[in-house]
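Below, each structure is written out as structure tokens.
What follows is chain A paired twice: with chain B in the first complex and chain C in the second.
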Partner chain A sequence: GALLGCHRSYRSRPTHGIGRFKYLLPKEVPKKRKEKVQMKEISAGTEYQYGDLNIQMTSYDLCLVEHFAQYVHRLCNRLSIRVNDSYAMPTKTNEVLFLEERGSKMQLDAVLTTHQRVIQIRGLSSTFAPILLEIIQSNQPEGVHLLMKQHTEADFKSRLKARPELEELLAEMS
Partner chain B sequence: SAAARRPWRLFGAMCLMRLPRITQPLEKEEEEVAALMEQIELEKSLYSDHEMRKLEEEEQLKRKMESLYDEDEARGKTVIMAQDLEEKWEQKFLRFKAAPRITDADKSNDRTSLNRKLDSNLMLLVKQKIGNQELWLLPQVEWQPGETLRSTAERAMAIFLGDHIQAKVLGNAPYGIYKYKFPRAIRTENNVGAKVFFFKAFLQSSDLSQADLKADYLWVTKKELGDYLKSEYLKKVNRFLLD
Partner chain C sequence: RAQPKKKKKVDVKKEQAQKERMKKKLKKLEKAAPELIPIEDFITPLKYSESNRVRSLPPLSPEEAERRVLLLKKWCLFKQKQDEAEKKAIKALVESQQEALKELQLESEELYQAAIRRDEGLFPFEREGPSYTPPLPGYDPPEGKCIDTTKVYTQ
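Entry: the complex of A and B
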């Protein structure tokens, strides 16, 4: 059959490289895979301001905890308190076994899941802190435990998973 | 020369609060919305493991009634049926009795007990002698030079309730201030009036058996404060009370 029109530009022709455009775009830094999660600096806080504070809410009921965490987050936004992070800790599952000993031993199982949400706050002034605490406490729903503490390295490390193979290799090397 | 003595006398007062134990009852609209949301969730939800098991067993029973298919299902025969489990749980639930929301103290309106009004904040009021009048006030004590105002307030609490109270004072800054001038008869050059600084504390434990209360005391909610406090004092106190 007849040859179809071929639009190849040869290197000798003046139209060589006519469709190039990638050289005009800004340079992309190649994305690193799996960056090592660095711990951000934990501010210690001056005399009149608290540093990083963690508000931890735990409960058996997921919806309550989630909604309460949302409420606290929005409250801090409205009161213009800087919220660093708001994350969830992994849920813990507890199996409750009843051992009834009346003739036939029966085991009734119940599975309880404990959920925890954490909101990290920075720059809470010491005059305002008790008011915030009172507001949160008076709006606490039933069944939710509230804990406010300062952020430490141990808290940060508890979110990361331990890697036994890496530790073994490091131990072998040293 | 010595520092000029200010003509005001300073007092530190402590507002001791017992936090609510139970949540307040829902309003009518809140109840309606809650019921509606529950219904929507129920209609949107899928069957759980337990309900699936129950449905399968019901079908098995039906098939057994109609025709004998015992050999096939005898292998996977369950000892305990899901229906039995449900009945057991129902019985257990019926045996459980929740504590009453309205306690005896509520019914008798005994204002000295901590057990009434479990869903609101209760504050401590003490009868104190100021000048020559006996007034109902938040416990207050005069400030002595050399101590912080917060320790004055804690001392006030300790004087009226004894040393062994577990109360958590919130912060070092006062919550409110009330100042008044003495009546002309007592007023002197150095003693124009008094300023009362209020601090807040939360009562941690509800066990007051160890406390030896020396004066008349009352535990009242915010609405009932008006029955006991004077209007000016009440205005200033209401400014820092939530709820």
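Entry: the complex of A and C
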């Protein structure tokens, strides 16, 4: 039989959907799942355009290299050059030892950290490339070493952790 | 006579079992996605976050604050002029390049096509930044060596 004392709104009644409020709340962002690190396709470029290029900036000074990388990134945005990726390579630490004047013991002089930032661009036209190089060179700060080269798979692999067990097993299998 | 037969069977079975185990291990390792090496630059060392040392600066006098604000405005103007000059320079370069290419096209189509093509010898391009103090000519450095102490991460 029909339920008495029930406050359900029927779909035909004007009170249908009277208690709805979730549509008024801000949308919840779904939880981010860990994205697998996969290599993106490397484009080779056409005859009039270069493919994926890496602008690598290396220096002992972190602030300089970071700011220079930001400047280059903004410059590329302003000149409407597509920037694929802008990342940092792992830091390298070097201990510099020198031989004392009197004695045979090596003394620790300094601990130097080398920082490297990479900006990856795509579709640089052949006529604009020398202009871009000229601008970057004229704004190069002191002590920052600039290197521009084409992006390869080896460059991407150098960012990943080494897997000695996997390599051992592969060597044993073959 | 039975013994050599047993050895063969047992060996073959053991080898097969070993191979399967290795294949399973390989599959498991390959399933795990490769990870990027963490970058030490972006990880603040703990000793800077746990300390209680807080710097207390002396209060500024109004003249000093005024002077600083005016200096900031002058610096902003200087930087704006510098940026505009750079943009102007880029524009001029591009325009003159386009004009030159137009003239070249009118002169000879072949040369124009060859000029438009990309230069394979341009990359890789390397350049050292300018230095405050170039190396001294007659300097005799002490003997020493450089050891690479970068932390090696394995997965």
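Note that the second predicted complex is superposed on the first by the 123 of 174 C-alpha atoms of A that agree within 3 Å, B and C clash if a C-alpha of one lies under 4 Å from a C-alpha of the other, contacts with A are read in each partner's own complex, and residues count from 1 in each chain.
Everything that follows uses one rule, which is that a contact is a pair of C-beta atoms (placed from the backbone, for glycine too) under 8 Å apart; a residue touches a chain by one contact, two chains touch by 3 or more.
Every value quoted in this text rests on a predicted model; they were computed, and no experiment measured them.
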Next item on the list: Spot which of chain B and chain C makes contact with more residues of chain A, would you?
Entry: C
Margin query: Looking at A:S126 after the superposition, I want to know if it touches chain B, chain C, both of them or none. Which is it: first, second, both, neither?
Written below: both
Check: Between chain B (first) and chain C (second), which does A:E134 come into contact with in this model arrangement: first, second, both, or neither?
Finding: both
Margin query: Quick check on the superposed pair: does A:T93 touch chain B, chain C, both, or neither? Answer first, second, both or neither.
Written below: second
Check: In the superposed arrangement, which partner chain does A:S9 touch: chain B (first), chain C (second), both, or neither?
Finding: neither
Item checked: First, second, both or neither for A:Q70, with chain B first and chain C second -> neither
Margin query: A:T152 in the overlay: touching chain B, chain C, both, or neither? Say first, second, both or neither.
Written below: neither
Check: Taking the two structures together, which residues of chain A meet both chain B and chain C?
Finding: 126-127, 129-130, 133-135, 137, 141-142
Margin query: With touch defined as at the start, can you tell me which chain A residues reach chain B in the complex?
Written below: 126-127, 129-130, 133-135, 137-138, 141-142
Checklist line | Touching residues on chain A, where the partner in the complex is chain C | finding: 36-38, 45, 47-50, 53, 59, 62, 79, 88-99, 101, 106, 109, 111, 115, 126-131, 133-135, 137, 140-150, 159-166, 169-170, 172-173
Item checked: Of chain B, residues touching chain A in the complex -> 19-20, 22-23, 121, 170-173, 200, 202, 242-243
Item checked: Sites on chain C touched by chain A in the complex -> 22-23, 25-26, 29-30, 33-42, 86, 90, 93-94, 97, 101, 116-119, 122-132, 142-155
